[in-house]
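Just so it is clear, A, B, C, D and E label the chains in written order, and each chain counts residues from 1 on its own.
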Amino acid sequence: QADMLSDIKERGKIVAATEMHYAPFDILKDGEYQGICHDLFTEVAKELGVEVEFLDLPWQSILPGLEAGKFDFVNAPVTITAERMKRYNFTLPIGNATVALAKKAGDDSIAKPEDIAGKAVGSQKGSAQLEQLKAFSESLTTPADVREYVNIDEALADLAAGRIQAVANSAPLMGYAAVQRAGLFEMVMPPFGDPKFFGWVAPGGEDSASLIAEINKIIIKMHEDGRLQAINEKWLGSNPDLPTTMPVVN
Amino acid sequence: MAQDQTHEPIIKVRGLSKYFDSFEALRDVSLDINRSEVLCLIGPSGSGKSTLLRCLNFLEAYDGGEVRLEGDLIGWKSTTDNPRKPLKSEALRRQRQNIGMVFQQFNLWPHLTALENVAEALINVKRMSKADAQDKARVALAKVNLSDKERSHPANLSGGQQQRVAIARAIAMEPKVMLFDEPTSALDPELVGEVLGVMKEMASDGMTMVVVTHEMGFAAHVADRVAFLEKGRLVTCVPPQDIFSRTPDDPRVDAFLKTYRERNVV
Amino acid sequence: MNFSFDVIWHNLPYMLAAARWTLLISLGGMAISLALGIFVCASRISKEPIISGLAALYISFFRGVPLLVQLLVFYYMLPYIGLDLPAIAAAVLAVGMCSAAYTAEILRGALQTIPHGQTEAAHALGIPTFSLWKRILVPQAIRIGLPSLVNELILLVKVSSLASVVGIGELTRISQNITGETYRPLEIYVAAAAIYFLINLVVSLLGRLAEHKLKVV
Amino acid sequence: MELDLFIRYGPSLLSGFAVTILCWIVGSLGGLVLGFVLACLYRFGPAPLKWFIFGYVEVIRGTPFMIQLFILYYGGPSVGILLSPVQAGIISFIVYGSPYFAEIFRSGFNAIPEGQIEAARCVGLSETRIVTRIVLPQMLVPITAPLTNFFIILTKETAILSVVTVPELLYETQTMASETFTFVEPFLVLSIFYWLMVIGTSRLGAIVETRVTRHLRRT
Amino acid sequence: MAQDQTHEPIIKVRGLSKYFDSFEALRDVSLDINRSEVLCLIGPSGSGKSTLLRCLNFLEAYDGGEVRLEGDLIGWKSTTDNPRKPLKSEALRRQRQNIGMVFQQFNLWPHLTALENVAEALINVKRMSKADAQDKARVALAKVNLSDKERSHPANLSGGQQQRVAIARAIAMEPKVMLFDEPTSALDPELVGEVLGVMKEMASDGMTMVVVTHEMGFAAHVADRVAFLEKGRLVTCVPPQDIFSRTPDDPRVDAFLKTYRERNVV
């Protein structure tokens, strides 16, 4: 029975993979990996007393790679859902995944989430936010026309092109997009639907149990000493108010 | 064409020259070819016989001088332009319909059978129905003694059989002028005799023929005149008896024919 | 639409750095593709049924399975049988081996136009099979197939973008990453397209040059 | 492996497959025809046209399909070109394939010995007839294999259409993958469907090749 | 090989037959070819001359009978196997090194220059250095009077020039037996004389030659024996004077030669 934690400590190095394509958690800016997950996980590695090597992989090869043992850990923001918990071991939440909307800047027809009734709204295929959007849309008198995109980039590009009127994704991402392209996108407040959280992922099974436990300990420590808040403030300009226990998911 | 033209030469070549890069393949060749005449071109290998033939139907764009068929300038719009401009392909095509050619390398179409090779142009140029074209093609193949191979592809024919398909393809079109580039090189003596018969027949039907040949016997027997080329220049153009008599006027022609005469004394 | 050249200008150095991976994979892949392609082609038309059958299998596998899957197999499955290739090796190998299947077919098509008499002449002179291929067949097949081969090499350059699935930050991947931060896909993609275009233009012009050189007038 | 997955997602996978086939066939046949026209114009057209075609071939062939499609679909509206996903997919597919086809045909033209064309001119065949009757049937010998290759490559390029939300095979399998958190099954399905197309194409290619090389076979 | 073999025929052909599908191209041909002999093969077009020649070096896998070179069975492992199994390519290659061939269609390699065409086999078969091979190739090209075209590609050569490259390519290899398939078909009479000189020289150096030809003068002049084929069968094989005398024994041969004789009386 291998224990990942002791293996990693012995090696003195942890290899973590993410898709450096999910602002503001994982971004590649000026050729450098940055973002909330980068900063947080760098701290985690420091606490573990090991070096960290970050890998950039497209989403479709992250989970296969994790299972093939090409790296130890996924430090990408993965929305914590019940189905995913069956296959992988999640850490405590490290980010807010509640769904929010972005609209084209200056579009007065959408002032609150409910205004998307009857309008075309895009979201990312397979994301937990898409499910939330669908549920929300059903609850409206006229449901929205929900369009699924392979990547969120394309949904945003279509918003810019005018084919759709809004895009739904996690609140941090929508906020970041609105900041980056201030003249083009605007966030619709407030977020809606059930509160959701992002966690990190280790391979399922017993081997990673101690690693998860250790990282959770560090996360709580960072909650307590304020590092977690500081990093979030730096990227989001606000505190996401994350729980320090595993949220209940259904 | 006016009637009196029949006594005019059908082809007039004037000051023809042709370069391959800097290599001078033809130099100032002038030659008249009369209606219904059989003109044989002889000369050493590489002397420009094929090139001359190919200039006559503009397969080689000649550089200087002119070639006229019944007064029409072949290939170029005019010889005074500088640089010269070639005719549109449609106009050139019409000119070429009057001029048949049998190539030294045959140039059969390998994807068509012997019969199809011959019938192709009949259908697409003479606008015959397929059945008529095939009948006519069969007649042409029969003339060269090849009826039994009409369904074979060129790759499955012997050298002489390929050459005969090439001849049949050209004669089936019944052009005014026929250019033959060594039409009997791959034929046995017996067939040479037969092809010769076909050619005589065509000549008596009024066809004009220019024949490149290395077979002096052939030239002596069938030609009205024999032209001798050397290093791209036309040395002489006279009736065959003048050239095959024991000592032709020109010493170069004499040297050329010497070994031939020796060998043919059995 | 405000097309921002600043964004391109700012990110160009990173894209060019990423293009080095694209180049490396492409060049490695091309070498494998041509060398292995000739070999597979020769096997494919071998009179030995086992050899030609194996070559047919090779071609049908590498053309049949999406390259993405091949790459995932090379990188993620081979470790299960104890072959742990570094990412770059897996990428070059997968791209090259896949392309070789296509190259082999292009060459095979071209070879059929070389008149059989030329091979017979070589046989009659006792020229060994290897020399026959090297000196007579391959140069002519390459000449005839060159436009199609250049097609294939250009596809190879572009398909090198799939190397991102094994974690290599090549041009397409980095462009997408930059897009994820700047939210300016059009600008970044136009720039990426321009870089690909330049690389491929060089390939294509070299191809045309070779075509000219090999031309038999 | 969970079989009920395939039952649940079967209809959408099949419809994705149908869309893929549609885009592939229309797009690649369109590209084939356009490519042939380009190759003919390149060979027989006037010089300025040749330079234009040269530029077209290099630019379209030299840039990734994904980016072309992205620019057309998402950048198009800002210059007034508003296309539906399938329209954009098929148009860009035709455009994308054409330079490759044009180059393949160009190599075919180069492979025909000049003597055969000369012979055709001598019997007065028109240039069009020469192309259709003499050149085309024979150039299929060297180009059937590259054409087959490229049709096969295009089967896989259809996957890129998912970028503009064309509900093709990859799009549907990704739906399945992301909704069920499986990745072996969807890739398996994907591979099988592509493999079917590839096998069909190579069979067809082999049949065409046997036909067009008949005359080469010596008995 | 033992010394006494020099008086044995170098090539023995026994009961040779060859089918193309159901077409019988050769039927029960038996023939001995002696060392240093020049044997001319004549016969109508399509009679199987090229096919017979090609069987001698197994370019055509013959169906029945056997061909032996110095006692070695050519091409097949054994004639008793059923079906016959061909030799491994390496063994066949060794056999073929002893047998040179000049093809009816030349079969030059178009992407190589004249010089390279000749030097190629010297480098790859005789394992000469490139410089030596080129020197030797130059000598061979000079023999056929083609020194000035060594850097030309086949497409830029005249028919006769191509044929001479093909001849040079074969003679440079100095095989024991040389097979010529109409080696002078594209040559002018003067050159025919020269090539004939080269062949005579080779014959006196002990080379065995089998020459398919349509030039009866050539056959009469150079052959030790003349073999006449018709419809795939060997009709006769006798010294030339027997065949070219006014009335050969065989009426078919007589008919074959008739037109030739008529034409060559100038």
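Convention: a residue touches a chain if its C-beta (ideal position, glycine included) is under 8 Å from a C-beta of that chain, and two chains touch if they have at least 3 such contacts.
Just so we're on the same page, UniProt names per chain: D = Amino acid ABC transporter permease.
Quick caveat: nothing in here was measured; it's all calculated off a predicted structure.
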| item | value |
| --- | --- |
| Number of hops, subunit C to subunit E, where each hop joins two touching chains | 1 |
| Chain at maximum distance from subunit D, centres defined as averaged CA atoms | E |
| Maximum centroid distance from subunit B, chain identifier (CA atoms) | A |
| A-C or C-D - the one linked by more C-beta pairs in contact | C-D |
| Distance between chain centroids, defined by C-alpha means - subunit A, subunit C (Å) | 37 |
| Subunit A and subunit E, separation of their C-alpha mean positions in angstrom | 82 |
| Distance between the centres, which are taken as Cα means, of subunit E and subunit D, whole angstrom | 50 |
| Whole-Å separation of chain centres (CA-atom averages), subunit A against subunit D | 38 |
| In subunit E, residues with contacts to at least two other chains | 20, 105, 156 |
| Residue list for subunit C, restricted to those that touch at least two other chains | 1, 72, 116, 185-186 |
| Per-residue overlap in subunit D, given as positions that touch at least 2 other chains | 70, 74-75, 78, 216, 218-219 |
| Contacting residues of subunit B [partner subunit D, same complex] | 57, 59, 89-90, 92-94, 96-97, 99-101, 103, 105, 107-112, 120-121, 124-125, 153-156, 169-170, 173 |
| Subunit D contact footprint on subunit A (complex, rising order) | 60, 63-64, 83-84, 87, 125-127, 147-151, 154, 157-158, 160-163 |
| Parts of subunit D lying in touch with subunit A, wherever the complex brings them together | 70, 73-78, 82, 162-165, 171, 174-175, 177-181, 183 |
| Of all residues in subunit E, those that touch subunit B in their complex | 20, 42-46, 50-51, 104-105, 149, 156-161, 164, 181-182, 185-194, 196, 214, 216-218, 220-221, 244, 255-260, 262-264, 266 |
| Residue ranges of subunit C in contact with subunit E within the complex | 115, 117-118, 120-129, 131, 135-136, 139-140, 143, 214, 216-217 |
